[in-house]
Structures are given as C-alpha cells and as structure tokens.
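Listed below are the structures to be examined.
In the two assemblies presented below, chain A is common to both, partnered first by chain B and then by chain C.
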Partner chain A sequence: MPLDTSAYSLALLRVDGRRWNELRRIHAQIRTQAAADGSSYLEMGHTKVMCVVNGPSEPGPRRGATSGGGGGGGQSKNAEVAVNIVIAGFSSVDRKRRGRGDKHILELQSTISQALAASLHTHLFPHSTINISLHVLSQDGSLLAALINAATLACVDAGIPMTDYVAACTAGSTSTYAANDEGADPLLDMNHQEEQELPGLTVATLGDSDRVAVLVCESRVQVSRLEGMLAVGVDGCKQVREILDRVVREKGIKMIQEGTVERGVGLNDMELD
Partner chain B sequence: MPITILPPKAFRDQPPRHSLNHDSDDVMSDATSDSEDSDSQPGGVSLDGGATIHPRKRHRSGAGAAASSTFTKRPKTNAAINSIPRSAIVTPGERITTDPQWMRGHGTYLSSASLGEQAITSSLAGIVTRTNKLLSVRPLRARYTPEVGDLVVGRIVEVQAKRWRVDVGSTQLAALPLSAINLPGGILRKRTETDELQIRTFFAEGDLVVAEVQQLFQDGGAVLHTRSLKYGKLRNGVFMAVSGTGGGGGVVRSRRQVWTLESANNGGPIDVILGVNGYVWISKHVEPVVPEEAKGQTGITNLEEVVSATMYSSQNDRIEPETMREIARIRGVVTALVENGLRVDEDMVTKGYNEAVELALVSADGPEDVYLGGERGEQLAAALTAV
Partner chain C sequence: MASSQHVLLSPAELAYLHASLNLTPPIRPDGRSPTQFRPLVAETGILPGTNGSARICFADGTEAIVGVKAEVERTRTRHDFPSLDEGTEDDDDLDDNQNDVIKGDNDWVEMTVEIPGYRDDDAGTVFLSVMLSEALLADGEFTKRLWINQRFHWKLYLDILLISPPLSYPLPLLSLTTHLALLAARLPRLKSEGDEDPLFDDDWAAAPYLYPRPSEKGSKATAPAPAARPPVTLLVMAVGNNIIFDPSKEELAVADVALAVSVGESSSTTTSTTSSKPTAMDIDTEETKGHNLRLLSVRTIDPPSRLTPPGIPNASNSAYGANAGVKDTEKKKQQQEQARTAESEAVEGVWKAPRGGAKTLVMATMVQKVLEKGGVADEVLDALDGVDLN
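Then we have the complex of A and B:
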C-alpha cells in the first residue's frame, strides 16, 4: 500500500495531519529514576523510550560484556561508553523476538555509543565506563533519533561533561525512490508508516552548530533529494535541541526552587566585564 | 495503525511552531515566545489528557501497580517557574563568556567562538560559580569527587597483592594500601610479608570500611587510609547509599560526619556515619572492650594495641531487637530526607529522628512502627522544614 501521495499533494498534509516541516509532539523528562546516576524518559509522537545512565564508574575485577566503541575501558585514558538497548516485545505491532545478538540492535548500540563518545568529555574519566541502557517501550518511527535524544538527556542528568547536546531527528522525502517525482517535498520527523513507504534518513547534530554527529540512511534515495532532506533534518535537530534544553532548564529551576541545589551566581548577576 | 484526526483548535495566534528557515520569515523567534505551553499544543492536537510521569516518584518497571498512580496531569502553566530567570542555570553548550580575563574551571571548556576568539562554554547543566577570576559550573547532580580529608564509607571490591580496591561511589575505584591500615598489634609494628600473604584476613571482598581520603592522583583516583581508631571495618549495622556531596540533596560536607545518637525506646546508643560520598552506615554503638590487665596501664598505644585485636572481626555482636528497630528508624529518616530533597547532616538526622519517634507514638502500632515512606515521609520533611 503506497502512501497516498495524491492526498498529500492536495492538502499538503501527511497521514497524521502534520505539514512537511512539523515535528511530532516531543515530551521528555529527566531524573525519572532515583536510583540511577542519570535517567530520562522521552516521547517523540508514539515512539517512547526510557534511558538509564550509570557511571562513569570503574568496573570491578570481573568485567561484564560490553559493546560499543568510544575507546575501551580498563586501563585506557578515556571512559568507555557502553550502550545496551532493550526493545520490548510489546513495543511494535508485530511481536518480533529479538535475540541478544540481533544485528539491528547492535548497529543502533554502536551508533549511539560512538555519537555520544564524541560529545562526552570521556578524557576526564580514565579507566571508567559509562553504562547507558535504553528501553524501547513503544515504536512509531524515528527510533534511533528518539534513542539518541533520550541518551543525551540522561547523560546531562548524570552530570557527565559534554561538548553540547546531541540532538537527532529523521527526515524523508514524499515520493519513493522509483517515482520520478520532480516536486517531491522533504519531510521532517517520519512516523512508522512513512518510514515503511518512503526513503528517509536519521541525522543528529552537535548542539546549535551544523556539525553532523550521526547520519544514517538505510533506504534508497535519489541523490538530488538528499540535500533537501539533510537540510530539513539538520533544522529539525536544532528544534529538538531547544526542546531538550527546555526540559533540562525547567528541571534545574525546579530543583533550585525546592532548595535541592543552592542558587549560584546567575549570568545576569555577574558582571562579566 | 489507525490515525485519529482530532478537530483542529480554534485558530489563535498560533503560528506553525516548527517552521523552518526557508518556510517563513518568523523563524526560531517563536520558539521562545510560546515556550511555556508549547509542549501541550503541537499543531492543534488536543493533549489535555496527556499523561506525564511525576518526576519525584520512583518509577520502576517492576512496580506496575504503583506506576499507574504516578501518572498525573501536567499543570498548564507553571507560574512559579517564571519567578526564577532562565539564566539561573546553564546547560551544556551554553556560552558563558568570551572575555579573556576569566579562567575556566570545572564544568567548562573552551570553544572557538569566532575568529581566534575563545569562549568559555558550559559542559554541564548546573549553576555558575565564581572564585575570583575562575569560572566553574557546579552540576545539578554528579557522582562524588574525592577530596583530601573526606571521610568516606566504602566497600572492598577487589583484593590485590599490596592493596585493596574500594568502591566509594566515585568515577574510579579508590585504593587502600596495606601500608595505610592499622595492623593488629600496635601502630608501630612493621609491615611484614606475612601480612601481605594474609591480606584477606584484614579486609576481604564485600567488607565495608570507613576511611579517610589521604591523597589524590592526577587523574582523580583516591588513596584511602584507616590509620586511626575511628576508621576501619564496619559491623553491627546497616548500610545505605544515597547521593553524596555535589549530588543535589543527600549527604553534605559538615562539621561532624560521625556521631553517636542516644536512641529512644530502649534502643541504646547508635552510631551514625555519614560518608561524604553518600554512603551511610548506621550501627549499634559498641564500647571498645578493654581487658582488666590493660586498664592499669596508660598510654594511647596500649589502648590501640588491645582494641585492634578485635578490629578486623567480621562477627556481629549481639544486637537487641529494640536497637535494630531504632537503627531501622534512623535509616527511614535518612531515606525520607533524600526522597524529599533535603540535605543529610547531623542536625537534620537528629531532628528527623526525634520527629520520627513522635510520629511513631501517635501511630496505631506505637513505637513498633518505623515506616517513614510516602505520606509519613512528607509529613516528616514538612515538620523539619517548618522549624
């Protein structure tokens, strides 16, 4: 069943009623789990993920199996970023059984691990490991983007120094690879149905800059459309960063209000001249 | 997957919030103007029933029944949040200053702002602090960072040839060298190879110790010592881990980290050790047993000699049920303090304990009731903050 592109060209509305440049609702929270060093919960539309960060900490004598890159732990000078993803059986429509060695999950893990290892200041924590475990509760497209965003938030919550937020979102194109549609529009933040039918890519950028941290494209897309998709995706990442930043600020201000953290010198109170 | 199309909201002054640069002229300026409620109005879809997880409550996957009750409605506007400016905290990637007169401290890094200009940028979410010309960012929450002189409670995780590796809740394991402990038989005894061979008789894996940070390595690793009668192996009590110094709430550095509390309800004296790293030990107070023949002799070395004989015992003494109950009560107080975001120090724990004893008196179960979770904990916190 192809996506009803004729309907799109009439109203310029997508299957879920969004325009081409609209993100889905993003709702996020940090510090959802008191026992962890850092934790977050993030919804991008109906994609819902949960993240728990433990560390940086030095693993004991018996080292558990870790996956992912970003430098090895142990005696290395940089902290290792170990990512573990669990996709709940009830998260998607078809109850797919995914083993531990699932290639798809392994790829997600190493992508996230490398993206975060590039942004986190791992050199401050020699011999240690940052354990990031992600749980997918519900899937509706843009899974990798949601995972990256949730992991970033949890790392901020854990107080791990980083260069900037790694914010991610997806971008697609309104017509399939084969259709030689000249007027194909780029689409921001694809849901599951769009991901099934249309070419798309996941892009993550480092903060406000245009520096791309992750770019994953698993579908065939015409090269002429790539630039438009990428531009839309990078713009979307900036919006996502604003949303993530707001979540962190609101939580921080709330903590100051509750007196958990004493108020410091605000940037305005300080004469920086 | 069915797609529910809800009727669009009345067209207020609601520009497309997620407009892109090449779409309209009013670009990201909107993002700040309607930022307060933007979460709840994405493109005309009504989300009034949108559930959010209450952040203060613990949310574990195992607590299925409890989880449903933690879903609460998000308030539309939070007027209180507006009273503290957004600039009160900084977030990662936020530029603090480009003025070269400032030096960068912890929690910041230098990024190139423009041609040849370096900007001090925050790498953490936290508050900016200033010490003369040094700018640093204190995180909202982080793991414990050891400092020389800190009193810490730790757990032995590894035994090596001449030292132990101790988990103190830091980013790295701390080291406790064999040469930095009180060997049985007096402080002046020379360390021998026999001691090295029987290193496990002093501390084995899993043992809890109270120690002091003696020295720091360049990379942040700590070296501990237990060369005092105050320090050493822990027994006769209960361990708990809360967030430590710099963690937002939890244990704070204070004048006294260790004290003996005279408990109510025939509990007898109870020792409380608040490790700066957030590890807490609450135990029955045991007076050092001094044998008769040693009593006549004076001098501190003699006393140490005698005491250190029992120092590395892992055997608990007899603990009366009353004492156990009061230990559990103190533990409940500390948990309640942490859950309600209050600092944990001698003053708060003592006051909280007295309050908890009062609370137990009015409860149906009398002094047997040590439960201090949920509403009881909030009641306790309210009583403490009111004073």
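Then we have the complex of A and C:
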C-alpha cells in the first residue's frame, strides 16, 4: 500500500497521528493462563500477542518444529530455550497462512531464543528445557519487538531467574532515499504501514543499560542514519522497560493484596495502595 | 496429539478411580454429578480484525481462541445449476434456505487447528480438525449461508488456536470456542442485487450475523422459532454402565468408552409427529421452547485407558503372599499359569486396561442422554446463550 510519506514533513505528524518519538499504546497483562507456569498478553498498538511459558522442565520427546538456542539439547549444562511461534491465520488483514517451516518464523524463533537464553540464568537448570510458545493474534508492525516483550513478561511470571528485562522496540527513518538525508527524522515504534514503506530496525536492550541484546535490520538504510535510529530505539526500549516493570509490579501488589502470595521480607516498606 | 495424554497414575490409583466411578451414583474426584460441567470463562468479539472471534478458558486452565475470517471468492463451476426463473429471484438474504437455488460446497470452509508443540500435519491435529469440520458440514445447511450469488460465495477460514499446552483432550474446548466464534461472526451486508459483482455495505453495524439471532426482526418469518446454531461436540465417557460428561484428564484415563457426540440445532420447527390430538399440540409448544436438537455425528475416541499399565494381582505377585516361599521351578510354572489367568480375567480391585468394544446399550444411552429434552446438550446450549455476543 503506497504511503504518502511526504506528508510527514508538513506537520511532523505520522500517519497515525504520533510524533517521531512517541510509542503506541502498550497494554500488558501477566498470569493470564492458569495451566501454564508463566503467561502474558501484550498489545503494542494493534499488534497483539500471547505468550505461554512452560518449564524449566525435563525435556520431553521432541516433536514439532521448535527452534532451540542457547545451549543445545537436554544433555547440556544449560537449559535449552525452545521457542515456538504460531502466527494465527486471522492475524493480518488478508488471511495468509504460514507453514511450520516458514523461514521468517524460524528466524524470529531463533532470535528470541538466543536473546532470552542470554538473559535467563539457564546455567541453573541443567538438562532441562524452557518451552516458550508465542501466539500472534493480530499484527500491525513491530512484531518481533512485541514477541520479545511478551516472552520477557511470561518468563518473569514463570519465576525463571533472569538478569534483567529484555525490552524491545522498533525504530525507523522518515525517508527512504539518500538525497533527503538531512531532512530525515528517526521514528520510534513503527506500525505496519510504516514498516512497509520505510527502513527500520528492531532493537532490544537489557534492562536499564544501553547494552543491546537484539538488533535486527531487514531493510536497506544509509549508514549515516543508523546511529540516529539506534539511539531512538534504545531510548524507546527504556520506556518499554518502564511499562513492563509497572505491569509486573502492579500484578505483584495485586497478588499480595489478594493473598495469593505471602508478603515477602523487605516488602513492608513497599507502598500498597 | 492423541487422546492418550500421559497421566501419571499408578495401577492402584487407576483401579480406585475406576471403582469409584463405577458406583451408583458415581463418585467423581472433584465431587461433580455425572452430568455436571466444570465452570468456564468465555468471551466473544475479542479480535476486531476478524469477522468473529471467541475465547474460552476451562477450569483446568486450558484456553483456546478461534478467529473466523471470510473472503469473497468466485464460484468456479456452475454446470450443475439448472436454468432457473430469473424473474422471481429475491435471494438478497443469505439465510434464505428455502430457495433451492442456494447451494453450498464443503470447500468453502477451511478449518485449521494449531496446537503448540504439535505439527499441523500431526495425525491427532488433523483428526481434531476433521471431527470439528465434519460436525459443521454434516447437514449441508451451513455452507448455504456462505452463498452470495451464483457467481460468488464467501470462503470462510476458521483458525483454531489452543493457547495452553494440551492438558486434557481438547476436543470439547475447541468445539465450544468454535461454536461461539461462529455465533459472533458477521458478514458485511450485501448491497448489490442478483448476480452482479458483490458490493457490500461498509457499515459494520449493519452487518448481519452469520447465524441470525431469533430476536432480530425480519430475519425469520417465524419469530419465536429458535434460530439455528452451529454444532457442539461433546465428549462423553462411560465407566461400566455410568455415563459421565465433561471428563477430566484423570477420569478419561479410566474410561471404558469415550465418544465425541456432535449435536446441532435446526431452525425448522417441523415436528415429525403430525398427530391430531390436542395433547400433542401442548407437547409441540413445549418443544419450541427448548432446543430442536439433531444428532450430527458420533465418533469413538480411543480412550487413553487402553495404554495404561495393568496392576499385578497378589496371587501372581512373586514378592508377595503364597508365592513368596515356593521353590523356583514350581514358582515359574505357577507364575506362568497365573499370568495367563491374569490376562484373561479381571481380579477385583486390580487395574486392567479395558479391552474390547463398547456395549451397544451403553453407546445408545450415551447418545440418548446427550439428546434428550433438558439433557446435557440442552443445558450446554442454554449456558452458551448466556454469553454476551458483541
């Protein structure tokens, strides 16, 4: 779909009315599913994903196409992080069915698996598997970022020790051609329309730090613009991390208030309003 | 994914469970009555990007999401259509079943089931989707709803996602979720007439439901008649002569027979009994109040109990009782003999996997219990009526 990107320079507003540095609405829930060890639901704009984590557990018989990463198999010293992504047929505007062996899905799976394996303390669970299954219910850009964020939340819910949140978001650049180099603004959190038209990258950072855990760029972009995009992306990741952290804290407070979990040591000074 | 999910129960536990379910009345592990269902959480219209969607969470934590998506497709061949009188064509309504021009094709519905950790060409997954689509297409009425005109039809994609790991046999969950998604499904209102290229109203609020509501004015000639509903597939199991509905994973592990019974509801209130008695009239009016149930399909499901390990009776247990002090050669001979008897006859209180088919009488009772007025299917449909469709 052709997107009139030239309109941006007039009012400095994007197609959905955002400024260049604004995120879309992020709404997240954790512990959405009783049967799993950890689960989450995340919306970034109209991109909606669900995540279910099972494990760490004894690796079962290997069925289906799961992509393992970060330590191989059940015999290793580290837990294997197996990620399985299901993109629902109804998730995009036109129904498109992707098979199991779809290269795009496989790449997403291994990216998430490797990012999380680096952040989770997998060495604490030798000879075991952490099964992460992700369901994409609705797609509107920034799919990989949404999947990473949902997987992080579900791992937090599952109580798997990890270094910090792996928070992700996307960044893009307003113009596609080199001539307009000085007029190009970096953009934060691209939607589907922008992703179709403009160069963009997905970046994930580890917690509050500037340490980049994932960097995926699938489009052609001028090197001179990359730095600006990356800076905006990393900045966005920090905002995303705040949002994820708030979701976890709110759920934690709620669970203490409902008496689902014991109030832990050192929590007395925490404000429960 | 077979129905045979691994249940970690010992033969002694299986025997106990089987015995308590075999009592009259049966005692279920969670204290339910034989026909009682577990509570569930259901919502519809969760995905605005679909024509209809639904989500159901069962009490055991299993969760499913179904999305319905429709696309306009050109009908390929029409050689089977006879030349019809074009003058009296007033088929602007999709649900005009009386018009025999409207024909459906089973290819117009595509159903996929996704179960995490299982390939989509796994035998179990395929079996599930076939069972679900079979119930939907059984009476041939459903595809008629997808008819637009002679040249075009709706192609309906039903994508069924099991979100949770498959803890118990997910058939009833998937069936109920599909049911709700189809009830909530709407297709854009047709603006064009006759065999023109279809043109649709872009006002979503005006879009009619795929299954029209009985309360909707003008959609049905007979207002009080209950509208047709998508089918529901229920899992029924039997232990001895007891018939148990909505079995949990543990209960299914000791089932003698497991059946998947698909029940539909037809819109037509034609009662086969055309008796002239006035009492029959009363019965008829009563019937319109309830659901007009039809049996669509019955399939036996291989119960996981067949794969459970058998227990060893004390008599043939060499580490116990009479055999403990017997000499080796004697022991061996005795053991072989007893092993043979253990194979052939059941010992009270010792678990043995059920063998052989189901009794005809039990099967008949199972189906009858589902279908009877005020029976389980009635109850389930009533309960699903309570779900807010938006």
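Quick note on the criterion: the second predicted complex is superposed on the first by the 251 of 273 C-alpha atoms of A that agree within 3 Å, B and C clash if a C-alpha of one lies under 4 Å from a C-alpha of the other, contacts with A are read in each partner's own complex, and residues count from 1 in each chain.
One rule holds for everything that comes next: contacts are C-beta pairs under 8 Å (C-beta built on N, C-alpha and C of every residue); 3 or more make two chains touch, one makes a residue touch a chain.
Predicted model only: the values in this text are computed from it and were never measured.
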| item | value |
| --- | --- |
| Joint occupancy of chain A by chain B and chain C, clash or fit | clash |
| Partner chain(s) touched by A:N131 [first = chain B, second = chain C, both, neither] | second |
| Chain B versus chain C as contact partner of A:Q33, first or second or both or neither | both |
| Partner chain in contact with A:V52 - chain B first, chain C second, else both or neither | second |
| First (chain B), second (chain C), both or neither touched by A:N84 | second |
| Chain B versus chain C as contact partner of A:V93, first or second or both or neither | both |
| Per-residue touch tally on chain A - higher for chain B or for chain C | B |
| Overlap of chain C and chain B interfaces on chain A (superposed complexes) | 33-35, 93, 135 |
| Touching residues (chain side chain A, partner chain B) in the complex | 15-19, 21-27, 29-35, 37-38, 41, 55-58, 60-61, 79, 93, 121, 124-128, 135, 140, 156-165, 188, 192-193, 207-208, 231-232, 235-236, 238-239, 242, 245-246, 248-268, 270, 272-273 |
| Residue ranges of chain C in contact with chain A within the complex | 47, 49-50, 53, 57, 60-63, 65, 67-69, 71, 112, 114, 116-120, 122, 157, 159, 161, 163-165, 167 |
| Chain A contact footprint on chain B (complex, rising order) | 1, 3, 5, 16, 18-23, 28, 31, 35, 39, 42-43, 45, 47, 50, 52-53, 55, 58-61, 78, 80-81, 84-93, 96-97, 99, 102, 107, 109, 111, 123-130, 138-143, 157-158, 165, 167, 170-173, 219-221, 248-249, 339, 341-342 |
| Residue ranges of chain A touching chain C (in the complex, touch as defined) | 33-36, 46, 48, 50, 52, 54, 63-66, 84, 86, 88-95, 97, 99-100, 131, 133, 135, 137-138 |
